[in-house]
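What follows is chain A paired twice: with chain B in the first complex and chain C in the second.
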Partner chain A sequence: MKKELSRRDFLKSAGLIGLGAGTLLSTVPWMEALADENTKKTIGEKVRIGIIGPGSRGRFLMNLIKKNPKAEMVAICDIYQPSIDKALKIAPKAKVYNDYRKLLEDKEVDAVVIATPLYRHYQMAMDSLDAGKDLFCEKSLSYTIAQCYDVYQKYKSTGRIFFVGQQRLFDPRYLKAMEMIHSGMFGEIQAVRAFWFRNGSWRNNVPDPSLERQLNWRLYKEYSRGLMTELGGHLLQVGTWAMQKLPETVMGAGGLTYWKDGREVDDNVSCIFSMDDGRRITYESVISNKFYGLEEQIMGNLGTVEPEKGMYYFEDGTVNGVTPKPAAGFMQMMKDVQNQVFEKLPFAGTSWEPEVAKDVKGNYIMGEDYKINTDGSQELINAFVEAVITQKQPERIAEECYYASAMVLLGYDAIEQGKKLTFPHEYRLNYLNHKHQAK
Partner chain B sequence: MRPFEHIFKEIDKDRGLLYAWFAAMHSRVDIVICDKCENDMLAVTGKIYERIAQLEKLANFYDPHSELTKLNEVPAGVQTEVGEELLSMLYLSMRYNELTDGRFDVCVKSDGYTGGMWGNVEIDLEGGTITKQRYGIRFDLSGFLKGYALDQARNILTGYAVSDVLLSIGNSSVLALGNHPFGDGWRVSYPESDDSNIEIDLHDECLTTSGNANSERRHIVNPVSGALIEGEGRISVVTRGGAEGEALSTAMFVERGAGEREAILGRFRRARLLDTMN
Partner chain C sequence: MKETVITVKRKKIEIWTLVACFVIGNIINVYAIQKYDTPYSELFWSLGYVVTVTVALYVVWSVIRLVIYAILRPFCKKR
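Coming up: the complex of A and B.
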């Protein structure tokens, strides 16, 4: 049976009810937008949203927006009729535009969601903020770091609400895992190994060859940065979130090794992000083997977390709530007693440690019965809607999102240039360990 | 269903022996009881299980929801109400810090730890509050809780008039009450070195061991230097109570000077230091 989670349940299961405001603010300040006492105040309000690029992700988001009674989709804009037709099925009353600039002129639109191909994000995001719209832009934020930085600055100077589609920030498994990680339960995080492996062409079917580049924009360098911008950002954001630290440098390598079908982007990439103290986050993606799937392996000196699997493990093999085997010494004593023998009991010493079994089962982040029913996207949208209503940008959202995009783009450059690159000081924000330095 | 596993053996027509075990406090608990009635023994074991689980919930440093964690998160200068039990555990920890000349210190995980942290903590036993007067003070009761749990278990056992018990929490904290069915006291052995063991008979007392099981597993901080103590080694003490055993064994593991050790040891009534690897 699938349990439906109410928002209160959601916050509770994410461990965010009953905690002092201190915890909420320090580790996940953006959750404040969804706190009961805040969402109650906005009941009855309505945000009018325009969707730019209701393609596959755009329509997914539209379905989530539809579930939010405080939001209404008043306009859509696309250049591809099939996308418009499908989008109108979700929001039949929405006005239709073919030019996003016209949508931005529409006074009825308070906020926009941009879900177009990557290379379009920059201009659309800048224009949206300039037009006074609050902005939800899908990841990755832009096509270059410089552009990302521009958008971030534009957000700062216009004071609009600004979100990027980093839904793990609201995924209960990740929220709970981060709470545990930041409590020190796994010691200091030494490394994060993130990977996303798939076995598939990553292609859309194209009704007419003339539409190949338009519909399969992901595969061409002019529009996309391939596996870095399309998959990497989610995982790298988790890495820096866990470590509470941003990288200094990145090295990378990649190639087109299997899907040689005329595409330009690599189907096989790997990057190493290094912190100033030598700790690392690695990201790897191969799309011709799916055996290892998707994971961020967060490794502390006391334990490991695998949020995708929903599990954590202690280095000493401890499993919560699992009864250990009887101890050999005590069993011997039970036998001795039957033989009426007073023998020593050989056991005392330093703290007992279970053998580190290779088949350690691990502990459940959300409890054994937890059924995944959100990846955080719904809550991300809800938080955006709340922010638009209250005109309060939740803390750290913009920065987490900026860096998720900036890191993948830097990784992409490292792969392309075959060089170790330092995170440019002029594109650093004053965030965590990073300090901005003008060029 | 019981939250612990057990085996029962009849010894003679008046007595039986119960062995029960379960996981708790990131470790294991083993308990052997010799008494008349199996059901009573199961009942008292159940009570001990509950008590240990309760203590763990209250004072687990790594549990974001424990009362201890909440206290640790309170900023400096804020007077905070603290439950009676946590308050008394912290008060005891503070007393043991004094008695060990700072060698046992549950504050070692504080930010910018320097020793002498307790000077910045106000415990109001009457009002039931704690105020941390310096930023970043954090209490980690992990090295105290097992012994404290032994003392609590002892209270429960006395309440049930159960007198012959051997209780081990993680092997490093052991309580021996009364007698083995065929002996005087309880006889346990612990490693003296890699290849030889020492046997000791325990009579209504606790055996507590502190140390590093191997060179990779360092976990005890030297409050004087602030650094983790390196290398393999361990030390055991025999004391009346479990909590004092934790304090004393940690202090003896940290403090290697003979004179200093003797001075500290002298403040614990009926305490013995066993000659172990270190």
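Coming up: the complex of A and C.
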């Protein structure tokens, strides 16, 4: 029978029952916000949240907030009446605003959640922090890397709580996978191959053609950076989290190859992010073929992790602690002799045997009975609420979130300019291998 | 059909040839065990492969001997 994962199970699986689990907390210190010892202290407290942009993603977040007894939604803000009507069904007592600045003036609002189209994030985030509100902004953080840097600096100068919607930071599969990776189980991570493939137009039906750009904002460059900002940030954050290293350069290419329906953003993108030691993270997204789906393939010299599938594989084929016996030495030698005899044949290429992927059963990151019932979104919201109550910004979360957005925006620029770009030194933080240098 | 006689000398030669092939097979096996760092228990478990190689070597050597015999036979008759 499949197990449901309770909150306590989640914390237990992540090693957070009791703060003795220092190994995990040293690499994911943001999880401390959800540790039992800390959450018990905030029982009875209440955070009053305003939602700016309760569209489909905004309402998804509202449903998560509703499940947290320490949070209540006191205000919503939107300019599209159907979204307001649907949001009021989730938070019937919330005050309704049509101008987010009025919401920010509301003294009853402690914190805001921004889930508007990308191009609106920057001004709203800056104004929210200036208004003294704690901030949860959906990814990507802003429309340009310079704007992201401004928001990060504003967070530092105001000292408010600052989260971005990078839910994989709280996904139990990813937490466990990272614990394994950082313990050296898979050797040194050499490359991360991240991809997100879908087969769909990504287009919303609009009730009136005049609302096309407003409702399908993701498809237009004026409002969105397309597949880079809408999907790429999640995967690239996982890549740098696994490697514990930030990229120096990025190259990219993209095109509008299938969905030629008047949209402006590419439906087919690919980027290569390179570290200073030559290791790489690649990101690819195509939305006219879904065969390979979504994954981050984290490749070490001893093994591979596929956290989205919840699986890991060892190079020597070990499954559940059992390593398959190698072929007898006699047979290995015969095979080598055979290869040496035939490898000079011009049609044989570099390897006599085709090196197709091995069909290995693999190992389960969370155990075979684990049923995926969270992608970390609920825990992300819960951590934000705890942080707002305690006014303690969890370590590293702002930096992880900043870089997730900065990397996709740099990748977008590389695609648009058709150039290999170096991560600008003026937009680097003093984080991991990066050092900030003023322009 | 003519009666054929296999001399004691011939029997000894063939037996020693077979033993030599078997020893060569085992030497190859020991080399492979060392080279590929596999357990020495393969000296026993890989006997099947060794016997196969023994037979193969014996057959190859026999063919070589037959060819040499066929080439030299006319000259021997002349004498």
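Note that in this section the second predicted complex is superposed on the first by the 390 of 439 C-alpha atoms of A that agree within 3 Å, B and C clash if a C-alpha of one lies under 4 Å from a C-alpha of the other, contacts with A are read in each partner's own complex, and residues count from 1 in each chain.
Simple rule for what comes next: contacts are C-beta pairs under 8 Å (C-beta built on N, C-alpha and C of every residue); 3 or more make two chains touch, one makes a residue touch a chain.
Predicted model only: the values in this text are computed from it and were never measured.
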item: Partner chain(s) touched by A:P326 [first = chain B, second = chain C, both, neither]; value: both
item: When both partners are placed on the shared chain, which of chain B and chain C touches more of chain A; value: B
item: Partner chain in contact with A:A253 - chain B first, chain C second, else both or neither; value: neither
item: Touched partner set for A:M180, first chain B, second chain C, both or neither; value: first
item: Chain B and chain C contact sites that coincide on chain A, given as residue numbers; value: 326, 330-331, 333-334
item: Complex interface listing, chain C residues touching chain A; value: 28-29, 31-38, 42, 45-46, 49-50
item: Footprint of chain A on chain B - complex, ascending; value: 4-5, 7, 9, 11, 17, 19, 21-23, 26-28, 30, 32, 61-65, 69-70, 73-75, 109, 166, 168, 170-172, 174, 180-183, 186-191, 197, 199, 207, 209-213, 217, 234, 236
item: Footprint of chain B on chain A - complex, ascending; value: 15, 18-20, 22-23, 179-180, 183-185, 314, 316, 318-324, 326-327, 330-331, 333-334, 337-338, 340-354
item: Contact footprint of chain C on chain A as seen in their complex; value: 326, 328-334
